[in-house]
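Let me begin by handing over the structure; questions about it come next.
Chain naming follows the written order as A, B, C, D and E, and within any one chain the residues start at number 1.
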Amino acid sequence: MRGSFRLFYIQKKKEQQKNEQNENKNNNNSIDIQRNNRSDEQFRQIFLKSGIVSQASGSCYIEIEKTKVLCSVHGPRASHKTEEFVAAKFNCELKYTTFSSSVDKYDYTENNKEKDQSLIIREALIGSVRLEKYPKTVIDIYILVLNDDGNVMVASITAASMALADAGVEMYDMVASCSSVCTKDRILLDPSYQEESLPNTTNILVAKMPALNQVTQLVQSGDLSYNTVIEAVDLNIDGCDKIYSIMKQNLIDSLEKQLKDKDNNNNNNNMDIK
Amino acid sequence: MEAFQKIHPLEFYRKFLQRSVRPDGRSLNDIRKTSISTGAITTACGSSFVKIGNTSVICGIRSEVGIPSFENTDQQTNIFVNLELGPICSNIYSSTKPSEQAMSLSSKLNSLVKRLDIPKEDFYFDQEGKVLWYLYVDIYCLDYDGNIMDASILALISSLKNVKLPRGIIENTNEYYKDTEQLRSLQINHYLFPLSFSIIEDFILSDPSNQEEQLSTSNLTITLNENFEICLLSYSGIKPISETILQESFEKLKNRIEYLKSLIDSAQEH
Amino acid sequence: MTNTRNDGRLNNQIRAFESEQSLLNKADGSARFTQNKSSVLAAVYGPIEVKNSRKQKILKSLIEVSFTPSVGNTTYLDKEKELLIKNALESIILTTLHPRTQISIIFQVFSDDGSIISCAINAACLALLDAGIEMQGLIGSVTLCYNHDKSIYLDPTAQEEKECKSLSVIAYGSQSSQIIMNKTEGTLSMDLYFKSLPLSKEACDKVISYIKLAVKNRIMGTISTNTTSTTIES
Amino acid sequence: MENFVDQFVVPGDVIAKIEDLKVRIGHGLLQSKDQIIASKSGILRYSKHHKFYWIENEQKRYIPQVEDMVVGVITEKHAESFKVDIGSSCSALLSAYSFENATKSNKPLLNVGNLVYARVSVANKDMEPEIVCLSVRNKSEGFGQLMAGYLFNCTLGLSHYLLSEDCPILATLGKHIPFEIAVGVNGRVWVNSKSNLHTIIITNTILNSQFIPDDQIENFILKLIESRT
Amino acid sequence: MQKISNTEIYFIENGINSNLRADGRSRNDYRHFSLETGEIIHASGSARLKISDTEVLVGVKAEIKEIKNAQSNNDKQQEDLKRFIFTVDCCQSASSEFTEQKRLDQYNIELAKQLERLYSHPSVVDVDKYLTIVPGKFYWNLCIDAMVLDSDGNLLDALSIAIRAALYNTVLPKIKVITSEYQEITFEVSEDPEDVISLKDAIENVPIFITLNQIGSQSSFIIDSTLQEELCINSKLCIGINQKSMICSIQKSSGMEGLEPQTIIQMIKSAKQIGVQIISTMDKALKLNP
């Protein structure tokens, strides 16, 4: 019984392998990807909660369905080094947990990706913070990716911006962001991990301060025609506005709750990870 | 009042402790609300999330397949535990190098894993055990408000109970396949029930908060299993401890075991 | 007791101590503590200026411990030993006498044949005395291992440590009968644990009295100090 | 308390109960509530003249105490002060005006690396120690820069012994070799004589004196001189 | 860290607003640049580029990469798909900005990652045609090491142009695959220096970066900035363009301020024009001097 199962199993595997090889070969075949009950431009459910790390100045936890990211902000705090600063120093550090992705081997040494993404997030946020208000201090942002199911950058930027707001740092505007994957003929907003790792696709990330109508970050990697780029950027900008409204609503809600809590004189924060 | 707390934290605490109450409203023996949930991380083969008051840790287990080396096989372990106290949980930690505290806790956790008596056969990838599963347990502290030891031990035991390993198939001696439809869990024979105390002057505080830990002269952590056997006892500090206090601490933990057991078990059901 | 161990000792017999003090020229105090094949060198520097000014303590001196094993690099296991030793020593050193200073204690293991943490703590006690660091009292440490047949071995060798069911490192001070430091791991019933405490206390007292003797002999001019292995009556 | 004098003590030993006892305690002794406790190992000594108890041991690290005479090395030079290494946990401050006849326009000519013989004027655990090159009578009286000569380190116990009233070594040495000496209680001894050979003999005699009975010291010195001439 | 005075910034901004730059160029003028290929004889391919004082040197080294069978084939290892490995090393002597080691390391990673992103799309180089030895098993990996010898602005563009030229210059030895009876694969590398595969035709789709720097008013941006101009940048957009005027990569980097969406569209448009122009000039020059 067991033997027959094994044979069957191996056959199945081989077929799969063959299919995959074919897929690789015919690069130009359009890839058909099914989204579960979701249109191309539809976002997944977003859950936001700020102020959950008691030891940080500000913090935010975000869930985009399975993607889970926690961000905490320390500062503005005094700098250990006695450097001359006109404005506050702004640091950003993104880290993946070792179990955040389902890749078999975790490479402890490879942190270039983390460093690169930290830089992109930093660039996206730095324009929104009024650094000149806090001379001789440091604002540190730490982001931890708990579970990666695509769209980590958007989750991180959103969480970081919310955490900055939670910390009470003066800002021009909050930064909303949106990313998409462009296949041959489709533009998929809010991609999942599976969609992000499809071959022959292009990823676009846009971060924006909606109130000032300024794009603070734009990253594209892959090969696209001019018109598609413009189209994708436009779509993402619209996506940013949607995210922004969610962020705004959440911030107002949490502030109202804080005020209420203050009246009741109890501030129990509950971190729930479902 | 806040200024008093900042300038003379010890004096501030003493005023409270002399009346057998703590600034956060707990009595000396009260333990903060503890909650455990499992399976939140979909990319890990087992995960748990533990919260004691504000302190929260998340624990995920990554599985790797490896061929065991045949030298001193009795020494080998298949589970490696690591605790990360990063800057995300508190501003006292830096991201550049692991703190001594994290290293010391990690080594304690690693020794505790051996107390679970997980049979060797459970790590077999195939039937014969030529190839084994290696589990990497990483515990990340998300919010540090004291008593990280209890939180990480609870996270460790509940995430290990949550582990689901796929059935492995070996083909052509070096091609490994995982059958993700047939999942099995590990056979874990024991529980671990931790409780930590901080001693500030002559007061013994169960489940210390961050500030209580900083003010404390000594720290005591005890871990029992379901047979009331000691799995870990660690006491260190500036003041020596008497036998009677030790005995009292054990009693406190004994009273809590039933509750912890139900917490760990019910977390698995969801 | 008939149950003898591999090396012929009784269950409650400690290996013979041997020690040497002031063997390092540069250090303010140094000592080597040997129990058969377990041997540790401790060097004390201090009070000196704090090297890392961020760690400086305003009301106390900072105690820094570094532990180097006999082979290989330091691992996280050694870090845990460092922390244990540091906490144990901090409780006997009068740290408030020299605020904003640092006392560094450096350990080098010559050979490890079990009970290495105890050995290091005893070496540190001798080295601190040699350096003339102000202390509340003396400290002595001993390791116990509990076997599957519920017997207790004092001062186990590396082999015995490996085979035992649980292991306990314990330290007592000369000033009180209370525990200064204890780390127990492994499965162990509470009854047995509490039963073994008087035994360990007595063993630590033996260690402390040896340390006293060793220092006395050194200062009063007698050259070497050796003991034969000691049996603790339980 | 008397029963303990010249006896060996270890930290934690209770030396005496303070009831109506009026004594001064020094190095290695602590008052805890109504007890006097030893905090170092060594031999309890008593000076009848000063009614003073202390513990003598072979310590190497110097802890500054007021009125101690020390030999220091200048490590930093500032406009109105010097930083001097006296072997303690942090370097001592030496004001440029704490020399005999020093004024704003007449400062001592000292450079980094020079040796000074000084007296500790401020020693407090919470403060940087301060030293002066003046005696209690505000005179130089031997304090000040040490020119030429040779500096060696010894244990604190030995340097105390050299300064004690009944130390025969220096007197015996003086009978055979003319020399200058400055003993710092911080374990540093400076010697100077007409020839390097003599300096070396003096140094060796002092360092070996711990291991030689008092009555044989003279023989030892003579032997050293003979072997070199 | 180099500093620039407020009056200098004012001067440069005003000049750019009226389409005149300090060195006499208009906003969309490129400086003259010189390109040399094949300088490093031990490398598979190399190129040196000089734009005014900016000087970069690029070497390409080819390695055989074996792809081990993934233990589970439901998720492909990302690393296995990468055929290009970039490292950038800015010499500390190149600019006073590079003296701080920590910042320098970060800058090196940033540049390398941007280049990697530019080459991330599989259609950049036809892997199957040029870089495959045994399909699914053995591939050529190209290690591209770039050195910045001197810097006078516009580093990223210079690097991307130099890398493109270095790839043009790259030759790979022909390899004969021998499969023994135990399914073991061994290689026989052809010794004949003439018997090689040149990547000359493979660079058709290889893109270059055009960096647009927005200085002064929102709608005024320049290309090929000098070091001095880079000190008064409001924001910066790096756009990767290939010959077919496809956009291969975009990244907004360094700069405190945001950009309006309209400006971005304009920027992409002009980058497209300029990029195609530069690539065609470059190709012409490369073909003339093989």
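In this text, a residue touches a chain if its C-beta (ideal position, glycine included) is under 8 Å from a C-beta of that chain, and two chains touch if they have at least 3 such contacts.
Just so it is clear, the structure is predicted and the values come from calculations on it, not from any experiment.
Asks: What is the minimum number of touch steps required to go from subunit B to subunit D?
Replies: The fewest touching-chain steps linking subunit B to subunit D number 2.
Asks: Considering only chains that satisfy the touch condition with subunit A, which of them also satisfy it with subunit D?
Replies: none
Asks: Name the chain whose C-alpha centroid is most distant from the C-alpha centroid of subunit A.
Replies: D
Asks: Need the most distant chain from subunit E, centre defined as the mean of C-alpha atoms.
Replies: Between subunit E and every other chain, the largest centroid distance is to D.
Asks: Would you mind checking which chain's mean C-alpha position lies nearest the centre of all protein C-alpha atoms?
Replies: Smallest centre-to-centre distance to the global C-alpha mean: chain B.
Asks: Could you tell me the distance, in whole angstrom, between the mean C-alpha positions of subunit A and subunit E?
Replies: It comes to 27 Å between the two C-alpha centres.
Asks: With centres defined as the mean C-alpha position, give me the subunit C-subunit E separation in Å.
Replies: 61
Asks: Return the residues of subunit E touching two or more other chains; collapse runs of consecutive numbers into ranges.
Replies: 71-72
Asks: Please output the residue numbers of subunit D that touch at least 2 other chains, ranges allowed.
Replies: Not one residue of subunit D touches more than one other chain, so the list is empty.
Asks: Listing for subunit A: what residues touch at least two other chains?
Replies: Those would be 13, 102, 104.
Asks: Which residues of subunit C touch subunit D in the complex?
Replies: 22, 28-29, 46-49, 92, 94, 97-102, 129-138, 173-175, 211-212, 215-216, 219-220
Asks: Quick check on the complex: what are the subunit B residues that touch subunit C?
Replies: 98, 100-101, 103-104, 106-108, 111-112, 115, 224-225, 227-243, 246-247, 250
Asks: Would you mind writing out the residues of subunit C in touch with subunit B in their complex?
Replies: Touch list, subunit C to subunit B: 76-77, 79-80, 82-84, 87-88, 90-91, 166, 168, 172-173, 176-190, 193-194, 197.
Asks: Applying the document's contact rule, which stretches of subunit E touch subunit A when the two form their complex?
Replies: Residues 70-73, 75-78, 81, 106, 109-110, 112-113, 117-118, 120-124, 128, 135-136, 205, 235, 237, 242, 245-261, 264-265, 268-269, 272 of subunit E touch subunit A in their complex.
Asks: Using the touch definition from the top, list the residues of subunit A that touch subunit E in their complex.
Replies: 13, 16-17, 20-21, 25, 27, 102-104, 112, 115-116, 119-120, 123, 126-127, 197, 199-200, 202, 204, 208-209, 212-226, 229-230, 233-234, 237
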